[in-house]
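Below you'll find a set of structures to go through.
Look at the two complexes coming up: chain A is in both, with chain B in one and chain C in the other.
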Partner chain A sequence: MLAYVARRLALAVGTVFAAVLITFLLVHAGQGSPGAVKAGAGASAAEIAQANHELGWDRALWVQFADTIGHLIRLDFGTSLIDGRDLGHDLFTRLPVTGSIALLATLLSGVVGVVLGVTAAVRGGRVAQSINSGAGVALSLPAFWVGILFVYVLSLQLGWLPATGYVPFADDPVGWITSLLIPILTLAVGGAAMIARTAAVGMREALQQEHIRTLRAMGTPTWRIRYVHALRYASVPVVSVLGIQFIALFGGSVIIENLFALPGLGQTSQIAAAGHDFPALISVVVVATAVVVLTNLLLDLVVAALDPKVRTA
Partner chain B sequence: MNRFTTRTGAAVIAVATATSVAACGGGSGGGGSSSASASDTLTVAVDADAAPNGYDPLLYSQGQYTFFSTLYDALFVTDEDGKAQPNLVSQFSNSPDNLKTTLTLRDGVTFADGKKLDSTVVKANLDRRTDPKLEAYGQIGKGQASEITDVAAADPKTVVITWKAPQATPENNLADTAGVIVGPDGVANPDSLETEPDGSGPYTLDDGKSTRASSYTLDKNAQAWHADAWSFDHVVYKVITDPQALANAVISGQADVAGILDPTTIDQVESKQKTVKIGGTIVGFPVTDKKGATNPAFGNEKARQALLYATDRTSLVDQLHQGSRATSQLFPEGATGFDAGLDDEFGYDPDKAKQLLAEAGYPNGFDVNLTVLGQPDEDAVAIQSQWKKVGINLKFVTATSTDQVFAAVNTDPVIFGPFAVGSNPAGFVAGALYGGFMNTQGAKEPAIDASLGAALGAKGDAQKQTLTDLNRAITEHAWYIPVYEDFTYYGYNAGKVAAPVFAGTNNYLVLSEIKPAS
Partner chain C sequence: MSVQPVTDVSSVAGSEVATEPVPPVARRSRVPGFLRRPGGVFGAAWLAFVLAASVTASLWRPYEVDQQDLANRLALPSGTHWLGTDALGRDILSRIFTAGSLPLLASVLMLVVAFGLGLPLALVAAERGRRVEGVISRVTETLMALPLIILLLAVIGAIGNKLYAVMAILGVLISAAVYRVLLGVAKSVRQRLYVDAARVNGLGSLRVNLLHVLPSMARVAAVQAAQLFGIGLLMVAGLAFLGFGPGEPQPSWGFMIQDASTHIYDAPWLMVPTGLILAITVVAANELADAIAGKGKDEKRRPLRRRRVVASSEAPPADPTAVLEVRDLCVAVDDGPQLVTGVSFSLRAGQVLGLVGESGCGKTMTARSLLGLLPGGVSVSGGSILWQGRELVGMSDPQLNAVRGREIAMISQEPMVALDPMFSIAYQLIQPIRRLRGVGRAEARTIAAELLGQVGIVDAQRVLSSYPHQLSGGMAQRVCIALALTGEPELLVADEPTTALDVTVQAEILSLLRSLVRDTGLSVVIVSHDLGVVADICDEVVVMYAGEVAESGTAAAVLDDPAHPYTMALLGANPHVPEGEPVPLRLASIPGTVPPPGSWPTGCRFATRCRFAREQCTVPFVSLAAHGDGSVRCIRVEELARHHATWDAEAVGAETAPDAMPDARPDATVEPAPTAGALS
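Up next, the complex of A and B:
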């Protein structure tokens, strides 16, 4: 297993390197430059060139890339080209925001989705139809629309939860969770629907397996058959979908962060891309890629733990 | 098997815990939470980052002074009546020919770097006016309408400013961001201002509770000379770019003041909170190419005038912007120099537009490129169909980056958007339309030159006439194709604060005047 993990970690480093290289090339291949943004509207070509020179943008590409990699190896994310902020500190403050939302929304999706999916598979009939239809509706709702609806009801009408903003855990733990509840609920609606469908299909399939029939014949209690043996079988695709969901929520956080004015990674990546703020963009890409790679690794380990066939493959 | 499962479970818990711990560590996450009581804190939500390029206030236009007034002081500040009032200056006077202004500086002003205000600091600041990056100095830089030729530190408390042309109201040239004074260390090393402000303002930045582009927490500096004039111990500036989220913030009471509100959210805000509004924003097309460099048609005055007559402003306002005011002139209705007759004289007349096009040598019209970021807005699309009727083909060029939008003033004959002309339109003309980014070509028009110079050199009734002349000259020579005067709305929580006030007819707030609700 250690060799397996080591191989995956080596692959992870290669993936991060490739992501940095691709981002680097894309930023340089695109039109414009950070100097043009820094020099402002109406700047002359000479002023833009001077600004680019001061930012080191006119150096040879390989020099810039080597410089970037050198800093990343030392975990030095550098400073923003546009406003000079410390990018390491910026990531440190923003990562918990995006990470909290993605993780908690994924967990909530998992719990609600599994309960609904298992219920649909076990109860069948109208209950299953209702859950399936409800999941279909939930999947078709755009997240931003769901968010607006939750804000309208829970914040503007009932005044239970804040409509926007983020409160750091260290400042106020209760404020932290209340500031995240609407974004989490918003993301969990579609997520839970997807998990419910996946879990329902998995459970139905599991309950028809030969080993389950054998367990019934042996007189194993029904609850144990359903919630231990069958659920374990059905959890493999559920865990895979949860992992993908986490990655999607983490990487696609910009819409939710804008909608709820949350100071997360999505917000900073949007600003960095618009301003050709290459170090800022690279820092976000590195962190996001690392999170994706680690999540995939964790996912593989969990699936291997749940499914002996995967381990022996 | 069980052992493996346990390890995996531990790994899951470890990751969850790590994230939670990280969340705990994100103490500067910028949520605006503070240990201070809510009543001590004023929370202002704004629709755009207040300091996208760092904390050098001179990099920004006048409208950004609302934010920077917390960290910096200016020589003069614009009050709620639109008048520039002495701030770091205790008194000032002009020479009889209005070519020299003598400023006497206030005592007891200390900067964040610990140093005191004196005339050498003011001189060092104003000597940065040659730096083309400093947007605040658009009006007083070299070659501009209110050019400063010399700044002398006569004695520690006295500064003498020499103007190239007579300036009857010099205080207008040195108000808000244009008159901001940065501390000696910041002036000596402007790069340091990217991350650390150096001002004498009533607040200091709490860096640990601020996150760039998201939230800025400001704590009152009790030692500041004017600390008592500001009502709140803390100010939290939140950046909320989504229009609906901005409205939600003030409706829910999370923000005490929020703006600029999107017009589609005003009714919603007013259903729960209150709003204040101000005119002064002219939506239209500044003509950036008066020489025909990017489009030969724009070098011809008659072709430009055809755009004035081809624009059906009244229909556009009726259909898309009820409550706004259709206008054919640059000066807002509330500004000195406004001339109602211009709206009739240069109103919609497609036949006249076609006639002018024919006289200009473009009987079949011409193409006009307009750079847009993303999709063109509904105004631009509506105007596209209006201009098409006289043969002018407005073509949208989709920008792929912010800098392409910035560069449009050099690559396109026109740009389009809302421009805050405000209560000092002569300043707008001097700093933006004639002497700033809307005229990077340095085009000259004698009628504008003369009336602008006269407006800057006159006061009272005499100035009123010159401003009227300036407004007419800009319209007649079609340097700006206005569409409508828009209103700027801010929402506020009346249970927490009294109605905010604007800086005259400028569309930015006087932050120091925001008081607790009585």
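Up next, the complex of A and C:
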């Protein structure tokens, strides 16, 4: 078990390293240079060269890469080329925004998805078919379009929720959750669809297991067969997909944050990409990869804990 | 927007590989299967339409994309602008279809890159074995763990806003997912024997791949490609939405939606056309994927219209001493063939009745109908099951639940899968003990340990704290028996309780059952294809063939002096070899197999395989003649008995049959012994 965790940790570190390497290489493969960005539009070639020299851009590639890695290990993310803000501090304030959207959306998808999926598996027939087709449509809808739809209905027509903007939790917890509700709902549409499909397949498979027949032969009440035994059996695939969903929603929040003007990682990565802010790009990639990798690690442990075969091994 | 529908593909791959053992050449048919499903037709047609309309948009579009009609800004659909106009009065229809070619073509490019990398890598990894596979898999695992969208933004930040290049890089990243799914297929294809054989026969690796591996991959690859295509469309649109599209005045779906979002106050219609076209296109890709995967067909077949059966009352007066009285039981697939017809038998308290026959004779269906546990789509279509004077046929599930476990319990064929793998043995025993005996948790645990002791488990406490996968087969079957005993039932239905076990364990389980019958007065219905088991433990025997009773009677009478040719054949095929003696090399066999339900011959159902069959046997005859204590369904029973007919291993047996048997099958005795010793 310990060796397994160690191996997984090594892989996790390797993944983050690979992400940095890929981004680093891409940045250097492009025509732009950080000096040009920093010096701004209309700067002369000499000014740009001077800025590049100050940023160390003219050093050997491997020296620069070692330098980048060295700083990242010390959790020093550097400063933005555009406005000189401290990127470490910036990420620190933005991560919770994206994290809470993704986490709450995952939880909501989980609850709604499991209810729908279990209903589909238990009821079968037309109910299952409608849930399955509904999930198929929900999975095909672009999230940003769904988001606009929610704004139109919940905010413009009904006036229940604010259309955009973000209220920090510390300022006003109720305002915080209302400001996040439409983004969360938006993300949860596709998430719930995915979970519903997984849960339906898992439950259907669970209910066909031989041990379910043993339980029926013992006169076990139907609710116990379904909601204790079959659901427990289906929990392993459902939890795995929940983890994948968290990762997907974390990435998907890039677009949602831009739609709803939320100050999260997605917003900063869009700005960084548009402005060719290389240090900001690398820092966002590092943080996002770390989140993905840690989620996967945690997921593996949870799935192992759920499965007696792994747990008792 | 996410990439995880891809995970779905692996299950498709798995099931494909599992259910289709040898598809060396792709099935040839004029219409591909997926086009025979409505979803597939819709998906393919819509994608073809959008692609054609987009690529040719410059030829037919009513307006140029940047042609402004300032008098008609933010217009609703009209004769001049079918889908309305945007804030600059530009025609939405023209813009949508002009915008279409970029996402469609960029997604195709992404697919080409993803499969161009993933497919060869999968082939190489499958062929070169562990080390190469290990390296490639490690790299792809890493790629798959990267946050795609954020990485793509980094790509755009680095190389600029070049959509085709960005989508090609996305293709590189996604090739990891393609690789993983296709590797699974390639490996399983290679594991199959015919590939090894092909290899041995000197086919080069290229030809093995071309002839065997690639055709098997085709479907899985097509499913995944269609899904990834949809994801690619959403990705391009998402990037354009963020402002990383072709840029004004060039139209793009994502940016048109972005534009619509700014006019949601004054022109909500604006978001409808583009959103719908994009959504329908992605739906089409997914529908196509589902259709190729062959999904949806199992959803349709579900006529859960259960026939409620009223027990027939014409049955002869029940044996007053019987606890279980089965009369004319019929089981049928709903709207399908009959599986069991007119089976009757009765059982007295403390007795053991064996249901014997080859598999496919309806033994298990008969046994399972005793508990109302027939599989979905199968139900009792007639007859009656009287349990202690109560009619079980037609009882509702809750009513049956009062009988199940408390009065009638069941142990099944596969002890290793009969227990819930997720719960400890303690939980699985304590829970029914509490429910059936109405005791508290602590007392239930004591009872559980006692029950385990009763079924011959010495270290009950250790077993209680184990999980099913930690038990051996024999141990698991003991636990299953203990579980069946939790409700102190009076009847135990045992479906092939020893088949899955080792020979020595079989004997132990049988003697356990025997001692339970002796000590507790339990009645047992045991299903078996093994006449040795039956001879060992049964008082009564019912021999079943093709859904009906061929012969029944006391075990002694039926086994020592079989009257029905099928019983004789079974006994010949399954000699009761006393322990320690060598099994005879050659066993008499029964030629052919049990005809499947729905194609049973008229007249005697055994006639196609019977050594003594004659003209008269194929004419329908009614009776199940009384014979000694029991009954025999053979029109020639008297005749055969008179001539002491036997069904011996030695071919000479046939000659002892009367009248030289003009219709006797001459090949019956020379047929090799396919069913010998292993009737199931």
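The criterion applied here is as follows: the second predicted complex is superposed on the first by the 304 of 313 C-alpha atoms of A that agree within 3 Å, B and C clash if a C-alpha of one lies under 4 Å from a C-alpha of the other, contacts with A are read in each partner's own complex, and residues count from 1 in each chain.
Criterion: a contact is a pair of C-beta atoms (placed from the backbone, for glycine too) under 8 Å apart; a residue touches a chain by one contact, two chains touch by 3 or more.
Predicted model, so just to flag it, every value in this text is computed and none were measured.
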Taking the superposition as given, does A:V151 touch the first partner, chain B, the second, chain C, both, or neither?
-> both
Could you say whether A:H276 touches chain B, chain C, both of them, or neither, answering first, second, both or neither?
-> both
For A:T222, decide between first (touching chain B), second (touching chain C), both and neither.
-> second
Contacts of A:L259 with chain B and chain C, given as first, second, both or neither | both
Go through the superposed model and pick first if A:N52 touches only chain B, second if only chain C, both, or neither.
-> neither
Figure out whether A:T68 sits in contact with chain B (first) or chain C (second), or with both, or with neither.
-> neither
Partner chain(s) touched by A:L298 [first = chain B, second = chain C, both, neither] = first
Of chain B and chain C, which one touches more of chain A's residues?
-> C
Once the shared chain is lined up, is A:T119 touching chain B (first), chain C (second), both, or neither of them?
-> neither
Could you tell me if A:V97 is touching chain B, chain C, both of them or neither one (first, second, both, neither)?
-> first
Find the residues of chain A that appear in the contact set with chain B and again in the contact set with chain C.
-> 30-32, 148, 151, 156, 258-259, 274-276, 308
Interface with chain A, chain B side, in the complex: residues 1, 4-5, 7-8, 11-12, 15-16, 19-20, 22-35, 45, 49, 51-54, 59, 132-133, 135, 191, 194-195, 211-215, 238-242, 244-246, 248-249, 251-252, 254, 272, 400-407, 409-410, 436-438, 440
Along chain A, where are the residues that touch chain C in the complex?
-> 11-12, 14-15, 18-19, 22-23, 26-27, 29-32, 124-125, 128-129, 132, 136-137, 139-145, 148-149, 151-152, 156, 190, 194, 197, 201, 209-211, 213-222, 229, 232-233, 241, 244-245, 247-252, 254-255, 258-259, 265-266, 269-270, 272-278, 281-282, 284-285, 288-289, 291-293, 296, 307-309, 312
Chain A-touching residues of chain C, taken from the complex the two chains share = 1-5, 7-8, 11, 138, 141-143, 145-151, 153-160, 230, 234, 237-238, 241-244, 254, 257-258, 260-261, 264-265, 268, 271, 275, 278-279, 282-283, 285-287, 290, 299, 302, 304, 371, 373, 397, 400-406, 409-410, 412, 414, 417-424, 432, 435-436, 467, 469-470, 480, 483-484, 486-487
Residue ranges of chain A touching chain B (in the complex, touch as defined) | 30-33, 36-44, 47-48, 51, 80, 82-86, 89-90, 92-97, 99-100, 103, 107, 148, 151, 155-156, 159, 162-172, 175-176, 179, 258-261, 263, 267-268, 271, 274-276, 298, 301-302, 304-305, 308
